[in-house]
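The two complexes that follow have chain A in common; it is paired with chain B in the first and with chain C in the second.
Let's look at the complex of A and B:
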């Protein structure tokens, strides 16, 4: 303990070390603050959307005459509430929708209005604590540790220090531990404050803190391996900068390109367009053919499937759903492709530990691709409940009025999965 | 010789496949100052590095206080204070902070009064104690390092070219300090090119050549302590 206290005091006398740690702490604090603000914005937007639903339904009640108009005009909110760790690793929340108001119309176009990329291995873009941990903290560790031995050698102190009894344990180990501890403190203290504010479950917070620790340990090991070589400090710094550049930027970006090339994924926007075009073409397709195709999917609705020669909501919602069925394979291929890319990215993470640890952070924070796909599946499950609720009214010719709006199924993240 | 601090017996050290030290033998008792002279590349510093355990020996024996650096390096280093040719301190720390910090690394507890007493005994004036070492001359840095060695109270002091770059007065001061340490029972082994300085201070002078002691002289009890002509001739032959 006295060795650590001694080295801590020594580090406090080093202006450059203090500046590097202060800069890291400021970045980590800013990242946590921005993450908390982002999550708060998400929650506020979700709350506004849910609160606005009552106003919307009051407006809808003024003119809804039947189940068809209730289904057509009634937007229903769905949302993917940020987890208690999302503030620390925003993941794909900044590019994937965290809420979506859906109608009982064709769903796929509604979902794929936002094309989703594979951000797991993409170049850094968002500024959150995970970014600071994965990209900035290694640079500070490099600055603090690259000249651990070479700096002393260049100053002419190395042999005198190494000749001290217990130098390995009392000097070098303590110096490494104190500097590593400084970096961890600069990262973990802002995280701990953020976790307290966000009400993060203790075990999950510990898990995330463990990942931060693993990143720091990984880089400390890499730096010490390089710093142990007898080269000059400048050579160590340049080598480590090159390793950082390769491990955190070039290799993940290359892996991302390779994975995207190896696993082609249907274009989400094209899928939405195909869905819409098929639905629009439904107006011109033979109506009896549309109903036959629809009843193959819902044979239990056949007794009430007769439609008049004029417009009827049964027919309209039938070709809407057939639009979804038309692109079902493409949609499944899209999801499979995205999932496969994420799986390969995880595998690449074993070879590229910084990328792997970044993925582990977003996975723990439930802001990764899997969480995004999971939300889409919850929307699909809810959409099915919503459609079938209105099918029941439409195909049994049950009257539907303003009072029935209260019975429309609500999205529930717990059951729509 | 009673109670030898350092015993080197037929030491062999190789570097890059070449024998730098080849059968060197030397025994040093407490309170004795031994000057090891030799030309560049003769194996002087290599011998020091072998004693410190920085280099493994290929053959022969080596003990410090009865401990072998090959098997008990920490115990050996606890008995050695080492001053490199250019004593480097932490420039951003004062003399007192440097000594305090380095003593803690060596796990050696000394009071403020003891540190000040050591500074005084090496001739480091009080105003320098709180000065940053970055402003120190080589002589002041050496005095600080000697104070550190005194405070560590090790039985063996190793010096690598301690007077190179010192002016004559500072060099004389330094040799006086060594005599003070020797009087306290510290065994001093210094490798040097400074033949005159060695002749002034050392109890024995060994001339290293071909990786072994080629000639050795012991100080006489009466002046002159050494035959300077013989020393000079010997040194000229091996340089």
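Let's look at the complex of A and C:
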């Protein structure tokens, strides 16, 4: 214990070590604060949408005449609320929308909408705790530990110190433990405060803290392996910075290039056009054919499927849905392409531990690509419930009025999955 | 000066003999070559894909059959944002915005399908592009090459020997900086070649390419001067290295991210849904086409009837429904325009704050100059959105005009009840061919050069600061007896 206390005292007297740790603690605290603010902003936007929906529905109630107009004008909110850990790893929440209002028309024309955002703010990447842990903490560890042995050698004290009985345990281990402990404290204390404010589930918070610990241990191991070699301190620092640079910056960028080249994603513009073509050709296609094709998907609606020779919402919503079915394969291929890229990136994460640990953080916080695709699947499931609710009215010719608006199914993050 | 050149020559020979330096330069050469080639291929493919998609959507619009013009209002068309002229050098925000905008009546959609949403989450740090190499990787390589240049001489005691040969502090500093500059120029060559190649292919962009090269030259000069000065000022080579890596991490990695995060929270942008709700509320206030007793539309109708001296809309010399659609579109589009302008003002203010923060980090300033020059910045994207909205409005109003002039009022009124009348409301497909194609060109080189002035001024300030530090290092060396 006295060894640790002594090393702690040394660290307190080193101005550069204290400055590095203070900078890290400030960055971690700022990242937690900005992460919490960003999550609070997302939540507030979702709350505003849900609250504003009531106004929209009152306005709709004033002119809704039938199920068709209710479905046509009735946008319904869907959302992807940030998890209780999102503040620590914001992931791709800044580039993928967390809210989307949908209606019972062709979904492929609605689901790819983007949130209003300044792209120049997304360009440098998110400033969150995960960033501080993955990118900055290793640099601080390198600054604190690269000259563990070479520094003493250059000061001419090495041989005297190494000759001490139990030098490994009493001296070097204690020194490493104290410095590693300083870095962990700078990261974990702000995280703990953030988790308390966000009300993170204890197990999940513990898991995230474990990932932070793994990152710190991984880098401590790398640094000690390099620092054990007998070169000068400057050479150690340069080699370690080069390793950091290669592992966290260059290799992931290269892997991303390779993955994007290896896994093509179908052209979204072509998918959107194809969907529009099929939907709008519906106006000119023989109506019987449209209804026949639609009833193949919904045979149970056949009894009420007769349509007049003029416009009818039944027919309109039938060809809307057929437009979605027409591009279902392309749409699936588009999602599969993105999922495949994410999967290969996870595989690359095993070879590039810092990238792998960053992915584990966003996965735990449910802010990764998988979570975005999952939200899209929930929108799709909800859209089906919404459509089928209106089909029921349209095909049974049940009257639909302002009072029925209250019965329209609502998005529920828990059941639409 | 001759002494400085001799010292530079000696330093370069030393770099050639040092494995660390050679590996560093070779790695950067390789990375910037890979970046130049892959970025050029990717952006060329994207440019071709978007041009083809634009041609396809224009052709599809013109190939539509005889229809009621309002069908075409809903059929709509697409606008694709073209790839910026120097995007292969610096793709900027290209991946972070949607590139496809659906243009239809009554609605203003968002741009969809951006590359960032289609990529893995492996790199939220930076794509490997020539601009990224120059902004982020090059300074760190320069740190590795230059941190020891003077500190090493001092540790070995050879500084005094140099002085004994008559080399003053100034020639030592300049010589070392010169050597580092040569190494930098060599390692950056592929990235600059990519810029030069783009200028050769598009002679109109040569001036912008030169300004871009100037801004990167200034940025790297700042690093060369600061690295040499810190190497002269630090107590040891190790101290110089740790200081410089910390400076790099703060300037290049920390500040740009933290600044963006802070700006996003400090100057928040309303969400898309906020805007949709606000527009809907405004519309209900100023004119609700769904409400048969709406005062705005009632007054609009009364005015028309009075002007033509008739009592019923059926007696107007044109199809009232088309004119009504025009008035409705006019109201909504004015709101779209107002709210888009408000959102653009917030985003421009955010970006302006980032440019001002370039005073803390020259990396922000050089990024701004580079993206602005390449026309891959926020400004160009907003210009694209505005151009697409103007095009959408003109197209929709032209189609509404066709409904007013070419569709008989009686047929239009009866079309939902009478299939024969419905058939008569379909006007000739030839009309669709009279709608012009969407065309967007990036802000002119002159405009972009003007927008680059501010970041260039910030960079000039940084060069001045670096020269100040350099001069300070000289005084310290001189005072130490050199």
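Simple rule for what comes next: the second predicted complex is superposed on the first by the 400 of 417 C-alpha atoms of A that agree within 3 Å, B and C clash if a C-alpha of one lies under 4 Å from a C-alpha of the other, contacts with A are read in each partner's own complex, and residues count from 1 in each chain.
Following the convention adopted for this analysis, a residue touches a chain if its C-beta (ideal position, glycine included) is under 8 Å from a C-beta of that chain, and two chains touch if they have at least 3 such contacts.
Predicted model, so just to flag it, every value in this text is computed and none were measured.
Annotation: superposed three-chain arrangement on chain A; chain B versus chain C shows no clash, the two fitting side by side.
Contacts of A:235 after superposition on the shared chain: chain C is touched, whereas chain B is not. Using the contact criterion defined above for the overlaid structures, shared-chain residue A:338 touches chain C, although it does not reach chain B.
With both structures placed on the common chain, the touch criterion links A:157 to chain B but leaves chain C unconnected. Contacts of A:377 after superposition on the shared chain: neither chain B nor chain C is touched. A simple residue count on chain A separates chain B from chain C, and the partner touching more is C. Measuring only between alpha carbons, the smallest separation of chain B from chain C in this overlay is 13 Å.
Across the two superposed structures, the residue set of chain A contacted by chain B and also by chain C is empty. On the side of chain B, the complex with chain A involves touching residues 49, 52, 54, 74-75, 77-78, 80, 82-84, 86-90, 92-93, 97, 101-102, 104-107, 145. Across the interface of their complex, chain B is touched by residues 2-3, 6, 10, 13-14, 155-157, 159-167, 170-171 of chain A.
Of all residues in chain C, those touching chain A in their complex are 20, 24, 31, 34, 38, 49-50, 53, 56-57, 60, 65, 67, 71, 74-76, 78, 80, 92-93, 96-100, 102, 109-114, 116-128, 132, 136-137, 140, 144, 147-148, 236-238, 241-242, 245-246, 249, 253-254, 256-258, 260-265, 268-277, 280-281, 284, 290-291, 343, 346-347, 350-351, 354, 371, 377-378, 381, 416-419, 422.
The part of chain A that touches chain C in the complex is made up of residues 16, 20, 23, 27, 30-31, 34, 37-38, 41, 45, 48-49, 52, 55-56, 59, 62-63, 77, 91-92, 94-97, 99, 101, 109, 112-128, 131, 135-136, 139, 142-143, 147, 151, 232-235, 237-238, 241-242, 245, 248-250, 252-257, 259-260, 265, 267-270, 272-273, 276-277, 280, 283-284, 309-311, 337-338, 341-342, 344-345, 348-349, 355, 359, 362, 368-369, 372.
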